[in-house]
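Here the structure is laid out as structure tokens; the discussion comes afterwards.
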């Protein structure tokens, strides 16, 4: 209900701006007794961290997560877990240009129209830097759903798709693109580097596969698992589309081709296909979840574009300095985090009603 | 928070099953003093009503909406508005087969896995019939946002798209497909009728265009306007994908091609493009909203498919009797209703915080 | 969040006015598989029903509750349960006086100030008649907490208290006052009848005792069991005070006299006193819950009082016709219902977080 | 909905334990453009601060509040405001006794029963120290309702009441008891000091008077202004009772004596009495709000009491070291903070629905 809170029973609230002293998340409703420490959370922060290679922004942040509450002697106590990440590399650069003019494709104008003014330093609250807080919260959520395996990866950059027959999950961590196809990863090096050199940017598609979700999670009708996932993913910075299972592809199929027939299995039915992406009627079916998320190309590019100033005068604006040629790449750990957060919430919600 | 409630400040709760005595919605948080009557709501019900032509299911429901509370002397009082639609054509057919076996593509198995049993008559709560209650609630929501014009239409059936250069909004109500392109509508007659005769079904894409939303609606970060729209649309029966603006197409563009540059305009900036679909940073920009929704082909088809019984035995199941060859068509009024509901909520939410 | 919804996981939404066609409740989040029927719910409706003796209002309502959804073959399905009670005795009397002037002690002026106008027939939404919907919802809630025994009774009318040493729970249903002390009940007959004949009214205190709540229900800090009970009870029409355990009496005790010392017991500690009323830190301790609720005297009295008209002119107003000399009496089933609703919610909430 | 979040539109979430590194609050939904700084908030922190005289606990905390987000160039931005207060005087004393045994009157046993274990250092999350975060959030809330004047004071300690005819608001800040009657304050010095020397404690009643609330705030039926106040106040540590207006006293009045008759006034009616405490039907009437809150005597006393250990063995426990002889005194700033938080929320909620 709150604007900066997500979830129903397992909930988190984030706060912080790109250039403030810190940002953070308060995770509420976490079950007690789970083993936790800063060391358990940090690897997820590191996966999202900027400045790790030339394909992402050169801002360097340690992104060290601190636990300020809710943990005692290495275990969650059931009380709110406050997580804080200090900002360390917010450069004191000259913001006078951005303060006065609206960057096309950014939230600058919308924030001004809504609130009357805005914290223009690095995009303020609308900065993708906020996703650090989600990743921290998501790392806690994972502890709540140890039965599931969440695997996100980039399946497409600038329209260049992976070869699904070459899918190898172990490759994902071996290249800077979270790419499961080593040949595509090779191509993307050139692709992304060229975009970077051009001062341009590329869009991407992130796919997320989840195994281990039992049948029965999801709360129809307006807290359906797919609806909550759509909200979670569409709310990530730069996301413009979400699909479950065959998604838009399903709209082009005939009924008999889109069916997921069943045959008797060991524990419940064995599905012969998974066009539905593991969700029917808003409830998990026990099949793997499949979600696809479209990231637009980074709006901050070095190519000047026409825009207007706060006073309504015409001007041109190009991003200066650090720049992320494909923001979708760094979306991978964020998609995983949001997935974990939705699943933790639905697991507990299901337990509330169905015991 | 509640599973059958949607919205934050302007909220509605729906109830009812396909074959119960009635279904309905309680609309809460509606501003007082709005002119309302059953006659004002009924046309929206009629647009969604089944059985109006051979391209939709032959179930015949009057779908008369009754106002039971919250209205006095033709005006909303600010108290909850209870809307009820009685079921009149729930045929007492033989449900023994569906009671025992899971229909592929339906929520049957998922409901059983979640709740232990289910109301199998006509799909129970998971029936698309529930959308009648949303349409009724949506008709109330429209009264809250008289400044906006919501236009949804089918842009694609079974992969056959409209010609956008032939777009004519006045055509939408002139054919049974809510199609803005009369030539495509002609083609779809054959397409859908053939699918119907084959006992098969087709998917569709519904597009929704909204004019009149001022800049500033939307509540970052976790009640973003786009995130709420994604949740609203993905929660409609048979929906598998949602796009805002260019959606997945944006993932294939370069930064400079996806930008929405601005120039000085009369009230705020004039945008030179609308790749963003009217939303940046989760907040409306004042441009038209553009949302696209993918409907899978109807799961109920006359072609038998392998499945399992509740006891885990193999069987085959085909839908008998009435059948909707393209459920996406009837999704149009539902998409419009959900759009109105989200916008009403965000208008009031914006007013709460920003006066 | 919604104004007419109560609860977090087990939630209900009520709707309806005193003189509309019906009123009702939608109960959401109810666990599946519970045995339920209209016959199971009706006795609770009957206990609250007006017109049963000369000590309560003479409005006669059958108060028959109908189940419209959420139940299949005698069991809850886990989907929303829609309950409806038709209004049958809303007399078409002349409301012109009440339409024009504000009844002192009523919500008339406040509603007008908030909404700009009001449904003045019988108090509209602010009528105590709405509590019928809460009682219906409460009857469902009881099914969720079969382990608890909820016993409410009147402990005081017009300042005349029961003799606690004479407490006999079996007496409660034997007199029209829900009084556990037959001697006090006898006195109250005269007391209330005199007030009735005078055209006046009396206040009352309702006490509620709950046995069987295990230690551990309650969700600190802002959904504490006592905070939620305070909200639930203070929201009942005519209630002006709520106490847990010793309540205001505790403010007059010294620390050592207010302590609830413990000694070893069979399952957890044995408490040697219960000043806390079964709740510590917002969480149940396993002791009986004790809640006390103060009802003001009915505001509708036959004695004329100075007031103003909608146009701001001085006038005098006396209630005409049917009149309830002590509204607190009929508060007993409502207090029980709200207790059941809060406990059902907290049981499920506890299960969500703590398994 | 979340357990550690309070409010509907203007919301805050608190986190932190007595002996953790810090505690804090995230305030969400605050309107943009309000002048704010740490200096504006600090005086409210100072009023609640412990260790200021011998009548409150000797724990010494600077209680310096830091703003970590949501503020830019001295104004609120409309994004979440993160407030942090570092703990500086959490003495590393020996907690082995409290770790093993349950302090009577405390939440120790209830927390263990709920969560399986607890952070026993200084009461962990159940410590009254958490109210520092509420006071910080409340100081922000005051900025949202500049039209209201909130005045809380102690009206009774250990059963010794103030003389209402001697009420002088300017006295409240002149004595360590927030007492508006200087003669009573004198008596309380002896009273409280004696309790302190005895190692005992006293209960208290805090009264809160609010002027400036316009008619129309409050959201019937389940977010009534009085119901929300009851929840807010009952959720404060050590509170066992809440009254609005005449409260339990109203239960002893006759209808004609409890009426608040009206006569024509300048802006709306002039009320001739205020038994209702400024709220009718859950909506403010424009009269002053009057709320009374009962605090039990501090549970931590130096007098040993029988209790049990975690292993179920009998033992005796007395609090050692620092001790607060009347926790109600320090409740005054907390009651004011909760009042401000509820009013800010209801002002915005009213604006959402009624413009």
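A, B, C and D label the chains in the order they appear, each numbered from 1.
One rule holds in what follows: a residue touches a chain if its C-beta (ideal position, glycine included) is under 8 Å from a C-beta of that chain, and two chains touch if they have at least 3 such contacts.
Since the model is a prediction, treat every value here as computed from it, not as a measurement.
A.B. asks: With respect to inter-chain C-beta contacts, which pair, C-D or B-C, contains the greater number?
C.D. replies: C-D
A.B. asks: In terms of residue-numbered contact pairs, which of A-B, A-D or A-C coincides with B-D for over half of them?
C.D. replies: When the contact pairs of B-D are compared with those in A-B, A-D or A-C, A-C matches.
A.B. asks: For chain A and chain C, let me know how many angstrom lie between their CA-based centres, rounded off.
C.D. replies: That pair's centroid distance is 46 Å.
A.B. asks: Using mean C-alpha positions as chain centres, tell me how far chain B is from chain C in Å, no decimals.
C.D. replies: 39
A.B. asks: State, to the nearest whole Å, the distance from the C-alpha centre of chain C to the C-alpha centre of chain D.
C.D. replies: That pair's centroid distance is 26 Å.
A.B. asks: By residue number and range, which residues of chain C touch two or more other chains?
C.D. replies: 1-5, 8-9, 14, 29, 32, 78-79, 114-116, 125, 220, 349, 353-354
A.B. asks: Using the touch definition up top, name the residues of chain D that touch chain B in the complex.
C.D. replies: 1, 9, 29-32, 78-79, 220, 348-349, 351-355
A.B. asks: With touch defined as at the start, can you tell me which chain C residues reach chain D in the complex?
C.D. replies: 1-6, 8, 14, 102, 104-107, 109-111, 113-116, 125-126, 130, 156, 158-159, 195, 200-205, 214-224, 226-235, 237, 240-248, 250-265, 268-269, 272, 275-277, 279-286, 294-301, 303, 305-308, 312-314, 328, 349-350, 353-354
A.B. asks: What part of chain B is in contact with chain C in the complex they form?
C.D. replies: Against chain C, chain B makes touches at 1-5, 7-9, 11, 13-17, 20-24, 26, 28-29, 32-33, 68-70, 72, 75, 77-82, 114-119, 124-125.
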